[in-house]
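Naming follows writing order (A, B, C and D), and every chain is counted from residue 1.
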């Protein structure tokens, strides 16, 4: 590969990534030269501006036709655009949270936080655009490594340390498992490019190795459940969420989770769509029961265990496990709705979860406690905090007029739409949703039914903006979901996801 | 003339509404509203009766609402039977209104009382005018409401409350029977109209089993309303209401509604021999059963109440024994003399402020008029010759005999003897002998009370001549014009029947005279002869106690059982589900032990299980 | 040349992976846990390299993949150790089973 | 104008919310006035709607529809094969229920004088609840129905949990979870039907399911599927109705919720269950419904008797009324099980009638609680002495409840039983036992409060003029329907005929 080839690539399509990379680098340098005691707020603003710029550049790319560079390791297609928007939006909101995070211990580390966040975001965006096992893996690790450090950012906080360490160990094991599975996928097909893998999957030779392929699939899938905090690799989540600073928790539960789903979609759908499993039957159909079992287990474990939590962050950890279970449901049925269902649900989830963490951050840092009792009488103390929180919780519980309901409804459509309809899975989903009512409404009850005269909660303008934005989004998407759906259908073409760009490099040489 | 007959019930209704509006008025002049309006009803009723006497009839109906294509109608009908009832009801109602003006003097809810009377009269007249079963049923229930309200008029008395409740529920049991019968008939006939029902019966469109079933169900309704065995227990308790109420509702009109119902539905009963037999047997047994209880009661009104039950039994017996005319005839005469008796008793109570006959005695001198009227009533009910009761009772006995029900016939004769005995026991204990209570302030009732009694007294004497073998059978000729085809054959039995009846009556009077007036025989003479029996009779055959031990306790027991079921089984199931989920949650959080290595172990464990299942189900090892 | 069959490499990798896994899940010393994880990643590398040569579809990319894996594993170990040091400063212990402040 | 009428009606309570938001929360007087006026506006709109409604015309009227949510299912770009529309419309049945909702809401708002705190949020929730109820009855597709159905849950949860009595939170949870179970089952069934047929519209669904089986097989709609759906729907609405043994939440709510809320709950919300059973159960799966009729009837009779038996020994008048509601909802089932004109009409009449009666009775209990701070039967006695009007209205309400002719309760009981007697006489005969038991417990409760020796109450004063409005209005409505049922039955006939046509009855 000479310089010509290198220059022949249409680097412009990577503009968002470059912006993030540039800002992250810039921030780290500026941070180096800033005085230790001076506020890091400007860094937050810069990071935010960078993310916004990246977001703008993606919107500018919306009409861009599907392109791939670097030998199809980097793709600009509808899928990557759609999910990058989510990632960037999520990070933007987390940045607001982070810049308002008050804990004296964190002050000295602030600067790192912002560029680590951007690095993690970069990894996630790489995953969204990658079409090669190697780049996918690198993106994944970039995200992971940055997240490990962020979890332990409160250096003097024992809980934060412990959280980070648990995260590293669990993450390491998960990475090893994922890689182990991937190595078999590579071994059987001899390719790392996802499309080429898919192509080789059709080989007759492979029919003999159906078992190995199914094993490889399940091992990889299980490894990937780590990022989305689904069974079987979900158990780290409560501990890590509890110990990490709130903005990091928000990041892990939203952006990192979205990234996890991105890689799952990329890896599973492209590579295995035509694969044959045991006895030559379609592999995806064959593994359906296992994904179903994992989804069901995730929903049950998440929702049921959340019942006993008194620590609000832990409760939300289990809640987010459960939400991951819901989003796994479309994977089971694999309907043509797959992408928009997951996209819409994640969009809704982004707003409701970040919204909820905003309130949690405000309350826990004011009261220096993570117990659910921080919500006591919130309606009396700060109705403008209690009401949005109620909407977030309702949305998480999937009550109509919120985006969460539309998302859940869509998932149902997916689960019951194809033959065979997955009634049992739908039933488990509904039953566990009911269980979730108990703990979500418990918070509502604490906010509204327990009167307590306590200090009002002061809300910085940035947080208020996040709250207003999230609440409005949830309600608007709940009442007029077509705003989002039309945007999706109008700008993204699902088919691009499967479109392999042949020998694109050659057409651009010279 | 007949077109306006629908107005008759509306006047009392108007009275009800007006009086409710003037509910708070302290003026007792409000009574005149009720009197006046029922008076108008009375005039109209009499006019209509006269028109019907001439052979007029009318039936007008309009659609009330639709059930699918079927129209449910409402309207009114006037035929000989109900024209007669109209007169009886409006007359007694009018008289009772008048009487109450004096009786209720000083009561703080004076207008309310008259309002209730108006409501009752409205319902009763409406019932009588109904051209179909559904409408009848509705008024039937409203009549029950009126009765309920009036029994419970002294709402602050626990006994009144209990009695009102009991009356409502007991009659409700009967009503449900009527309801079932009515609905069953509807699906057989496709209509609630009497005419349609009778036409179907005549055309044989209804199977005989269904005929009997529906007839019996309807009869259950009559049993409830008319206080027949086994649903009679509410009627004596209903005496907790003011005495004019007892006269109007629990003697003359409402309790007779059961008899009226059977008479109105007579073609249906006629079509089923079984049904008629049941009616006759229930009537006969009730007649003697209630009479036996009447022998030993100490409350003046309760004696009269049991007497009412007994007499209603007579009427049922007559109807069951194909004595249609006899039944209606007795209904008419009974309405007059029993109302008279009650009003007279009311007059006594008004004077002495007690109902216990043991505390009365020797009132003849002080209440001369009342005593005289009471005596007329007692003679009439005892079947003393030439008074109204004599003729009607005679006719019942005759038709029973003619129908070949000899057992029931002798039962009725014994009952007649008992009636005579307890009525005169009552008379002697109240009016003769020495005063046993404080009678210092006793004085005769005002004329507003005595006047209605006099009217009734006259009627109690002369009403019998409506239908006699001697002067003419006006009533049966009149009733023959109605829709009911009267049973054929001579129901004037052998000539010795009046003699036997008279003998039984005189025997009863004589015995009472001997015991209570002359005191030649000790009062406890009879009870010493049959100690067990008298004990049972004294305790009213333990029917109330029996019901209490079975139905009331049973219902309460079931209810308590239900509560336990609700608490432990229904809620228990929910609790166990909750506990299950909680247990799962506990287990889940126990797994979360804070050791990152055990998390990994769990994950690997899960993964291995998945792989094992793949291997096993995929047949890897096979 | 091809006297050693692919299965042998795979078996070796599997055994190595399992040893690593066992170490990661049972050792009390946090450093050993991190090293065990490295062992697991290296097992993957053996897989990749073996597949790249002997697979039914041999391909060069496997070796490249393994290069990336090695790099990333190094980064991961570095981050892990850094975090461990921070932890040790606060808790004066590297025993994994003592790190259970947060549970249930 | 008419084209938007129904939507204006549904969302009209939001006007009240809007005004309230800008009202200072300490201004009790204006808030309460806005609360009452805010419910009058929907009532007025409902009356306008009624006048625009063609009584004799069958089918849907005043319909509105437009595209709403577009998941592009199994289609290439731009086409929506599974459209989710916003569709509203009224037929006779829903018109009646909408009217009932509007009326009871106004009266409940008037009755809300007993609310002691947080009037502002109370009325905001109250309006949202009313909007949900109006929407439920006007919705013409499953999606919209479900949304409004759920909308009613949340305000209720708050209204119970915040303004209720001692065990309010537990009651609120009970309410939420039980109804959650119902709506969960409902959602699964709705989505399953939607995915099979491609439509959510009631009429289109009914049309589709009525196709011959050979055509249905092509759409993979088997008989078992239909049966499964029906059972799911029946269970879902059985929770709402409620049918024993799923009733304990309702008892708890009736005991713990504040009286005006119970008026709404017992008066209207329970009726959503009945409405659902009629529209979805009998309307969509007539054949299957017919084959399950006996079971429905059996449950109806069990409900009737179970509720009645339990009501007999309750010591708290609220519990008596709660079990009485269980019992009376049995009559709805009985009417439905008859699957004929009489039964269906009876069921709907019972829905309306019980709505009015229970609203009245709970209102009175609220008054009682206001006076005495208790609803235990033994606290009371001889109330008629110092509160004669109250006692009279209470007695009238009780009598209406036990089905006295001339009042609405009679017509509904009569028709429901009339219907059942045609189809299952024995079952019906067993059911009539309930009529007696009803008399027993109603009289026991009413008489032990109003009759008997007078017991001291802290402040026993008769109904105030404000209190008389709801009491008399409800009583008048009860009497009106009882005396002139044709007004209702004529309005219902075209709708019920259409449903019965499907049932082949």
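The definition used in the following text is that contacts are C-beta pairs under 8 Å (C-beta built on N, C-alpha and C of every residue); 3 or more make two chains touch, one makes a residue touch a chain.
In this text, all values refer to a predicted model and were calculated from it rather than measured experimentally.
Counted by C-beta pairs in contact, the busier of B-C and A-C is A-C.
Closest to the protein's overall CA centre, chain by chain, comes D. Rounded to whole angstrom units, the spacing between the C-alpha centres of chain B and chain C is 95.
Work out the mean CA point of chain A and of chain C, and you get 25 Å between them.
Mean C-alpha positions place chain B and chain D at a centre distance of 37 Å. One simple way to say how far apart two chains are is to compare their mean CA positions; for chain A and chain B this gives 79 Å. Shared contact sites, meaning residues of chain B that touch two or more other chains, fall at 589, 592, 594, 596-597, 600, 604. Multi-chain contact residues of chain D (touching two or more other chains) are absent.
In chain C, 21, 24-25, 33, 96, 99, 101-104 are the positions where the chain touches two or more neighbouring chains simultaneously.
Because contacts link the chains in a way that matches no line, ring, star or complete pattern, their graph is best described as other. The full set of touching chain pairs reads A-B, A-C, A-D, B-C, B-D.
Residues 133-134, 137-138, 141, 144-145, 148-149, 152, 155-159, 161-166, 168-169, 171-173, 175-176, 179-180, 182-184, 186-193, 200, 203, 205-206, 238-239, 242-243, 308, 314 of chain A are the ones that touch chain C when the two sit in their complex. Of all residues in chain B, those touching chain D in their complex are 23, 63-68, 70, 134, 137-139, 141-142, 145, 152, 155-156, 158, 160-161, 164-165, 168-169, 172-173, 175-176, 179-180, 183-184, 186-187, 555-556, 558-560, 562-563, 566, 569-571, 573-574.
Contacts from chain D toward chain B in the complex involve residues 244-245, 247-248, 306, 309-314, 340-342, 345, 382, 384-385, 388, 399, 404-406, 410, 414-415, 417-418, 421-422, 425, 428-429, 432-433, 435-437, 439-440, 443-444, 447, 450-454, 484-486, 489-490, 493, 497, 500.
Touching chain B in their complex are the following residues of chain C: 21, 24-26, 33, 96-97, 99-104.
The touching residues of chain B, when paired with chain C in their complex, are 589-590, 592-597, 600-601, 604.
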